[in-house]
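Should a chain be cited, it is by its letter among A, B and C, assigned in written order, with residues numbered from 1 in that chain.
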Amino acid sequence: MDNVVLGVVIVGSIGAIWVVLPRIGALALWRRWRDDRERHLAEDALKFIHAREWRGGRPATLEGLAGALGLPSRRVVFLAKRLETRGLIRSAAGGFRLTIEGERLALSVIRAHRLWERFLVDEARMPLADVHAEAERREHDADAAKLDALETLLGHPTVDPHGDPIPTGRGELARVESRPLTDWPTGQPAQIVHLEDEPPALFAQIAAEGLRPGQIVRVVEATPERLTLSDGGKTFALAPVLAANIFVAEAPAAGETVSRRLTALRRGETALVGALDQGLQGFTRRRLLDLGLTPGARITAELPSMLGDPVAYRVRGTLIALRRDQAEQVLINEAEPASQGV
Amino acid sequence: MTNNATPAERLLAQADLLRQALPGDFRDTLVQTLYHEAESMAEKAVQQGGRKRWDWDSTVDRLLTSPIFGLPLMLAILSLIFWLTIAGANVPSAMLAEGFFWVEAQGVALFTSLGIPWWITGFLWDGVFRGLGWVISVMLPPMAIFFPLFTFLEDLGYLPRVAFNMDWLFKKAGAHGKQSLTMAMGFGCNAAGIIATRVIDSPRERLIAILTNNFVPCNGRFPTLIMLATVFVAASFPPALTSVIAAGSVVTVVVIGIIFTLVISGVLSRTVLRGEASAFSLELPPFRRPNLRQILYTSLIDRTIFVLWRAIQTAAPAGAAIWLLANIYVGDTSLAWHVANALQPLGNLVGLDGVILLAYIIAIPANEIVVPTMMMMYLGVGMMTDMPAYSEMHTMLVGQYGWTTLTAVNLMLFSLLHNPCATTIMTMWKETRSLKWTTLGALGPLVIAFAVTFLVAVVARAFGLG
Amino acid sequence: MTEDCATCPANASLAQMGVDVSNFDYLIALAGNPNTGKSTVFNALTGLRQHTGNWPGKTVTRAEGGYQFQNKRYKLVDLPGTYSLLSASQDEEIARNFILFGQPDCTVVVNDATCLERNLNLVLQVLEITDRAVVVVNLMDEARRKDIAVDVRALARELGVPVVAAAARSGEGLGDILAAVRDVVTGQASVQPKRVQAHPALESAIRDLLPLIEQAAPGLPNPRWVALRLLDGDLRIRQALLSGELSEIAARQRQAVRGFSRKIALQGAQ
């Protein structure tokens, strides 16, 4: 009997000690978890307000904020009050606006988010549709030194994989003029500059179509039910809701000549490398360039393997095997028929 | 920038500013400029004659990498190599063994006539020397045939074609196509295979290659496989077919190893090493005529002698250990059999026996000595004066120690899957510098080996086999 | 030079010294694209048996060996093959760091005669870093088999450094390599390496950085290259600069090489 009591006392006191222990105790852990969650919410709120101001300059409403954060408005009111006392936001006609300090913080979170997206796509090679969610998680431990290192590692990218500009370490954010594809005139070449990544379901569909920022497309036909696009080789049929989430701008003149992708080259055919897709960045891009896949290089498809992936191409006198995903990102031009191999 | 910035900091700040002003694609343009220059130089200095004789190369290439024939040809080449190894090694192995036993007999006789105590004679001749003799006669002939053949293929330029043919499988497993190159190196020695993983750029895929290299049976393990395949699997076929069947079984084991590599790689890249297959670019160099002298040197001196020397270094102490264990009696049983009996239930559970497990424990430093250790236990140290022929071995193991086909199959599986040897584990540590991954690489295979042999045993017994 | 040179006068004074690299007079680096025969050249000169194999990436660790030629001792370092010095994969980094910071007295760039265009891309990058270089056009036997003729004189004129034709496996051209290396390390060869003019925007950015580099790391042998790497945002070079390593590293690397341990060479030969 005594043993039982003693046991309970010992276990109980160990438990109690663990609860109040300074850094690893249950209380401390809970507090840290709560603080983190609080901070994440605050950062998400700042980001949302920034996005509203950035697109159209209107302040963020309470309802909008509540919807974006998935919180009841009662809690959003609390949150807003705390942000206001911290000098990060201020109330304005019809909602909230960022203060200078708030904007700085918002930009640093956005910078973290977009750099992580770049990392996830270029180096970790995650599918484009998955990176947004993962970057949402990673953006919150944005220690400036770590971000600088990340930026350098990635070779100082200027846009994220969705085509959005990445804020600089000094908090400058370049503005890219763009219009939704639904507003773009038929027949005129346009460069995709931004793919809206919210809501995720729509974005996943766009990504699955194979549309990427940097790509040059043309609206072939626009009906109320369907928008038909062409990138010169492939055609895409999009519902208007999807097209409205694709933002485009004037295409640079040179980009137009590129018409096909390396995967379209059949065995024995020769073409000239046109450019590497803008979606291809980081180490992989450099490696392909180093191997001699620079614009103007002659490339011949020589050996397909099982299932046609990889394929070995002859370029600059050597046979290089590339997986389909890489070949997909090499744009090619027709080789002028007259030229003979030297 | 503040005034007290160091020159280095000022420089970096300036570089950052300038970079932002540069056009976004300046890196591409830089490489382009270099290639442009290279092109114009090559144009001036290189003359391609009209005579093109290299169609032979591309014909062979088209065959070896063919979507239809590529993989079957690869298996055929692998089988041929193993067949040559097994068929060629059989006789020299037996001759070597006979020679060693003859020397041992003479040595024992000499020592006895000199009046040296029995335990010194036993320890030196029946322990240390017999361990050495076993290892050399079991390992030297197969290695001396296998390594030159393999190096020949390597020098010819066949390995990148294998990587090319198998890439789609590795891509499915979320791994890198060059992993097959590192596996090919693993045939020689898993430690070398692990060092070779440096050709893989992505750290994630490199780790996968390191962790799974063990599933390629290295040369230390081939003798075990060859012996089992010859003694058990091939024994029930006509003698003329023995080496063909044995080679077939070894190839089967290797293919099982490849399947395990792919499955485990896939599991890793969906769990602890999550990620998509990264970019892959592999140069397929033109075939080159192999240089026979270099091949013989590399394969015989560097590889064969190196592996053999390592085996000898561990075989001598292992032989000594076995002799001691077998000759120190506690009660009326030797220490060795005490241990083996203690391991018996576990061994039985996975379709093996206590002696085999004991042999594996003693062989942790080097896998090469598993078979010798096992045989020394079974044969009873100091009682046999002649190495049994394979047929006698079969009779003895089946008749006296209750081996079944299940035992042989499971032993082959266990040998394929079990934990890497000490050298390999050390290399894993050196290459990863991570206790976590080294532990996983060392113990993961052990768990898998036990699980697989257990399952096979359960299924086999359910069907009344074994 | 097409005849087998095992007996010609230059070769007569070659003494292979295996792993003995004590008290060397000159440090020589072997660089080049993967699978061009660097290890074969290394073996031919040192008498060592580095593993060679017909696939890119066979050598992944640095190996060292020595030879003696006309009473001078040379230490030869066999590096992993690289396609470029611009990207930073792990094995390429070993090579790059050695050429950059090891300050070899001569860098021998081994090339495949059957695909010179790709190889020259790397040669040009090496020449950005150092002007003490010898270009070896190896695998001439393969080139002849494929009816490809290489005019090494023209190439030498273009590149501004000595160019030697060779077939290392049969020993062809080894004597020429030895002589060319000797000429470069002793300053007898006139070298005026080709420096590729980058496009104007980049070139002016490089010029802007040069004086700052001279301040931050005085006496650096290859400031142009460092400027380029900084503009590219090379993390390693940045760190090396901030930690003061960049100015120190040259001295340190030389020390490490002199205090050479036999063990490393043996491991490398493995």
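In this section, contacts are C-beta pairs under 8 Å (C-beta built on N, C-alpha and C of every residue); 3 or more make two chains touch, one makes a residue touch a chain.
As the structure is a computational prediction, the values presented were derived from the model and not from experiment.
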Chain contact graph: line, ring, star, complete or other? complete
Most C-beta contact pairs, which chains? B-C
Per-chain Cα centre nearest the global Cα centre, belonging to chain: B
Quick one: subunit B and subunit C, Cα centre-to-centre, how many Å? 35
Distance from the CA centroid of subunit A to that of subunit B, rounded to the nearest Å? 43
Just curious, how far off is subunit C from subunit A if you go by their C-alpha centres, in Å? 41
Hunt down the residues of subunit C that sit against at least two other chains at once, touch-wise. 84, 86, 89, 114, 116-118, 121, 232-233, 238
For subunit A, write out the residues touching at least two other chains, lowest number first. 155-156, 283, 286-287, 290-292, 318
What are the residue numbers in subunit B that touch two or more other chains? 19, 27, 31, 35, 48, 201, 282-283, 285-286
Which bits of subunit C are touching subunit B when the two form their complex? 34-35, 49, 51-57, 60-61, 80, 84, 86, 89-91, 114, 116-118, 120-121, 123-125, 142, 145-152, 154-155, 158-159, 169, 194, 196-199, 201-202, 205, 208-209, 212-213, 215-217, 227-228, 230-233, 238, 241-242, 244, 270
Given the complex with subunit B, which residues does subunit A contribute to the contact? 124-127, 155-156, 158, 168, 276, 283-292, 294-295, 297, 302-310, 312, 318-323, 325-326, 342
Would you pull the subunit A residues touching subunit C in the complex into a rising list? 149, 151-153, 155-156, 283, 286-287, 290-292, 316-318
Going by the contact rule set out above, which residues of subunit B touch subunit C in the complex? 6-12, 14-15, 18-19, 21-23, 26-27, 29-31, 33-35, 37-39, 41-42, 44-54, 151, 154-157, 159-160, 178, 181, 192, 195-196, 198-199, 201, 282-283, 285-288, 290-291, 294, 297-298, 301-302, 306
Subunit B to subunit A touching residues, read off their complex: 16, 19-20, 24, 27-28, 31-32, 35-36, 43, 48, 58, 61-62, 65, 67, 70-71, 164-165, 167-168, 171, 177, 201-202, 204, 275-286
